[in-house]
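After this come two complexes, each holding subunit A, first together with subunit B and then together with subunit C.
Then we have the complex of A and B:
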């Protein structure tokens, strides 16, 4: 006889236990999502107090706006640079931390502390360190003859500075995961390779990277989300999207459209598009990881 | 020239001394087994030879050259690990060739030729395209051995390579390893905690305890003339019975009245010892029901406590005074717990050990290697059907 296996005899009891979680999800996730979707079909005034239904007009506006196109391009370029940059550097640093014998924990703390800083604090500190006129780091960079480090007016330079800061901020997170993954690789693999005399870079490329590929896949997804969403405070405090929109990431642009230009409807439409973009990217990344990552021994 | 020579080699991990001044010489082509209980330093010794651990003190030579600070890759050794150490994302063939390919100047055709030869030798030709996850434990260990073969090193180091295999496969692989060594004649140092493996595989066996070698000798000599009480009790299954006796003139006497005469053996009992430990192997004690035994020298009465039928023999545990004595007898002998029996010790096969140092002070004359046909027969009990004679 087939029987249902139930954790609770009484389905009402189950509902009561689920209620708090469901309430939080509905209140803070599903309802705002629905409301965002609804707002994206309206034109709004005065923070949404007056709304007019406009159908898909907001999406048409986005599709035809050169400013939005620029923002899309900047965001994709920024995500690519941040994901590739932070993973590559973190992989290299984590590998060195994994191989070092002495003072490992001191190095580890040094490598991951930027992650422990609140983004706003990090952005403010770096703004001063890198300030074109006042920055200590700027002072030393400009000692190189012919170099002018004025990223307040130079768009590509601002993009570069912001990318470096975003990479630096995310390194600790990546290093923690990569180091844990490296420690899961059996030590005898390294020992047998030492006996054979396999070089350390060959080991990294041929042995460690394939064996930690599930973690790398996970980090690509997390870093993509970071680059698209969590870099907002860095842009807000350091460049405000400028100069000339060179760092006007989608997440920053939609914030400004909503709360500076009071176009809640348009900003909602931008949210929907951003959500769609990141969802598609994540699906693709997860599918690729599933196909190519090596799981288990 | 010796293949490997350890001279007072010591390994300290902070305040723990894992290996305490071990000296060993391995001859070219020899199969030397390091055997001992967990934590005796056998694996550390092997890892020092490999270069995976540094030597704290003493001198280590491979092929006549001091290699104390030499990188593992420059020692021309290959190692087989207990957990196989295969790369899970590579095929069996790639596993065999990866190390040699990445590090050495060997052409691709030469590599695949070597891999094919190794695979044929190990009977894994059909498995070369599989990844480790699709291989059984025995197949994985064959691939790991194949990787060592592809390297064509001057020394094989094996760290408990059969420990992860089930009992039946272990015996099969043991025989294969023995015949592989007979074919290749490559110097091999093999670590195990399994005395049967040690006895069947080793040309010589080094019994290790507490970071030093208690005795290094051919397997039969270890069994027949153990240099210390530790070796006597470690080698042989079931273990040798050892119990305290008093030395009275040319005999030793146990509390129960058991008296064993001491003949002029190859080692003379030193006159100044009045107490020692008597060692007798379970198969060197005769057991008989109380009524039909005649009392005489070398006999004592005891009580049967437990019987263990082993199929080819019956192991009887007896209480002799304060001691528990194990006696091996014919398989279908009828002894019951609680029964009074007479034990007769074979005086010609007894050993005496110094009670303080544990060193052997006397071996009965019949324990000399090759001294009696009877001995050869008895010694089979060490490794029943193990195929050890193949390498003798």
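Then we have the complex of A and C:
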């Protein structure tokens, strides 16, 4: 690849072109992030009017808070369910899209549209369709003898409903990437490893999945970040973290601590924990993309 | 070979369906399942509250006009949609312009600490909104930006991903073009507008779709920074509809109409521009 083309010499011009981007990044990304670190060492009282330096007290509070432990556990469990569920379904659909002989572009658009689905809309629509009293889907689910689909009061059910909505919304994104990865598999490679007389799903598992594993790794990271952050509207609109904290994801707890209870220092400490989680995930992804480039070459 | 071929045929024959039919069937079933909640929402958006409360009634209700009109004008969704649209367009135009300029500098100029500056841009991937949400909110208050279009667009108009994608694309443009431009004494802005932009149409369209959908679907940040209902975006606006009730009964038909409206804009954008989107994603993967 060509590097350092150097069409122009005046490095002051380069500075001018970079300045707007750097200014926005410094003002709205770096500066507030450093402030988060600083704030996490303070306790805020009286709606933020008064702050006291408390060192690592906020982190100690988090480390010893059963409520925070619950949120940590719920968030990781939620991410695991969403990642596995969404990738499994998306992999199946993408594989069928890859193999289909005609009407491919119609199927494609009909399968990737959830990419455009706003999480708030997904939450509102399923809040209604799965409503314990009014939901038409609930009505048919409860026709199974002995099943009571009251996820407003049943924690594990609420967790499951939220996971279904999160999986649904993320299918479009995953299908797009998996389909691209399948098309990147060299025909000859799949051909030589074609197993005689095996079913198509065995082919997918034994041949294609190992070949597209770098993309799968990338998606595990992106979907985990999605499950941690982008699912806020789902919790806010569907469960408000309940019942009994069963869906109190870290992002929702952070929002309430900051903007309902005005514990700005504690909320900042929670932000720092999230920063740690994102950093680890992104580092893993960087490693994976490196391997992907190696595989491509 | 012939033996192997016949074994494959006989295997799929025992399943009962030819392989291609199985592919079509499973695609149709998957797509119907994925689309079902939306189709039901569309159907319910035509029903009156009384029809909604008759749970098993799945017939079109004939109250579509009423529901959509009420959502748009009585509950102000039209205003929120306009707000969302203005916000998304500002973010798209701002982010694409700023990122094109930054990529121009990074690819076609030589300057000290170039790699460090590029790394500085990329490192912001570690700083999503939840990591800086409290100080960012305070910053908006200090700047006097709360409840303004600036607050919901400003923090989003620069992006590591867009700079990265444009940089990748510029690097793949033949250097002979650059040489020609250099010999002709073309200035950098002319070069960007006359050469790079026309050669990056697909990439610009792709980044625009990604950015538009991302901006339109924002919920948490507008919820926090916009408290004046008049200035609110549509994603938060649909939650205002939940207060719509008649004689203690929630008007779900109206809420479904609002949901369909809030989805329709990014859906149209995606369907219209799905090709450049797919190409951009393919590049992002490399």
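Definition applied: the second predicted complex is superposed on the first by the 253 of 297 C-alpha atoms of A that agree within 3 Å, B and C clash if a C-alpha of one lies under 4 Å from a C-alpha of the other, contacts with A are read in each partner's own complex, and residues count from 1 in each chain.
Heads up, the rule we're going with is that contacts are C-beta pairs under 8 Å (C-beta built on N, C-alpha and C of every residue); 3 or more make two chains touch, one makes a residue touch a chain.
Only a predicted model underlies this, so the values are computations on that prediction, with no experimental measurement involved.
Of the two partner chains, subunit C is the only one touched by A:15; subunit B is not.
By the touch criterion defined above, A:152 reaches neither subunit B nor subunit C. Note on subunit A: of its two partners subunit C and subunit B, the one contacting more of its residues is C. Of the two partner chains placed by superposition, only subunit B is touched by A:210; subunit C is not. When the shared chain is aligned, subunit C comes close enough to touch A:229, but subunit B does not. When the two structures are aligned on the shared chain, A:199 is found in touch with subunit B and with subunit C. Contacts of A:188 after superposition on the shared chain: subunit B is touched, whereas subunit C is not. Once the two complexes are overlaid on chain A, the subunit A residues touched by subunit B in the first and by subunit C in the second are 196-199, 296. Contacts from subunit B toward subunit A in the complex involve residues 50-52, 71-75, 77-79, 81, 83, 85, 87-89, 98-100, 102-104, 132-133, 147, 151. By the touch criterion given at the top, residues 186, 188-189, 191-199, 202, 206-207, 210-211, 294, 296-297 of subunit A touch subunit B in their complex. Interface of subunit A with subunit C (complex): residues 1-11, 13-15, 17-18, 20-25, 27-33, 35-36, 39, 48, 89, 92-93, 96-97, 99-101, 107-122, 124-126, 128-129, 134-137, 139, 168, 171, 176-177, 180-181, 184, 196-200, 215, 218, 225, 229, 232-233, 236-237, 251, 254-255, 258-259, 264, 267-268, 271-272, 274-275, 278-279, 282, 292-293, 296. Listing the residues of subunit C that touch subunit A in their complex gives 4, 7-8, 11-12, 15, 19-20, 22-24, 26-27, 30-31, 34-35, 37-38, 40-41, 44, 52-53, 55-56, 58, 98-99, 101-102, 104-112, 117, 120-121, 124-139, 154-155, 157-158, 163, 171-172, 175, 178, 181-182, 188, 191, 213, 216-217, 219-220, 223-224, 235-236, 238-239, 242, 252, 255-256, 258-259, 262-263, 266-267, 269-271, 274, 277-278, 281-282, 285-286.
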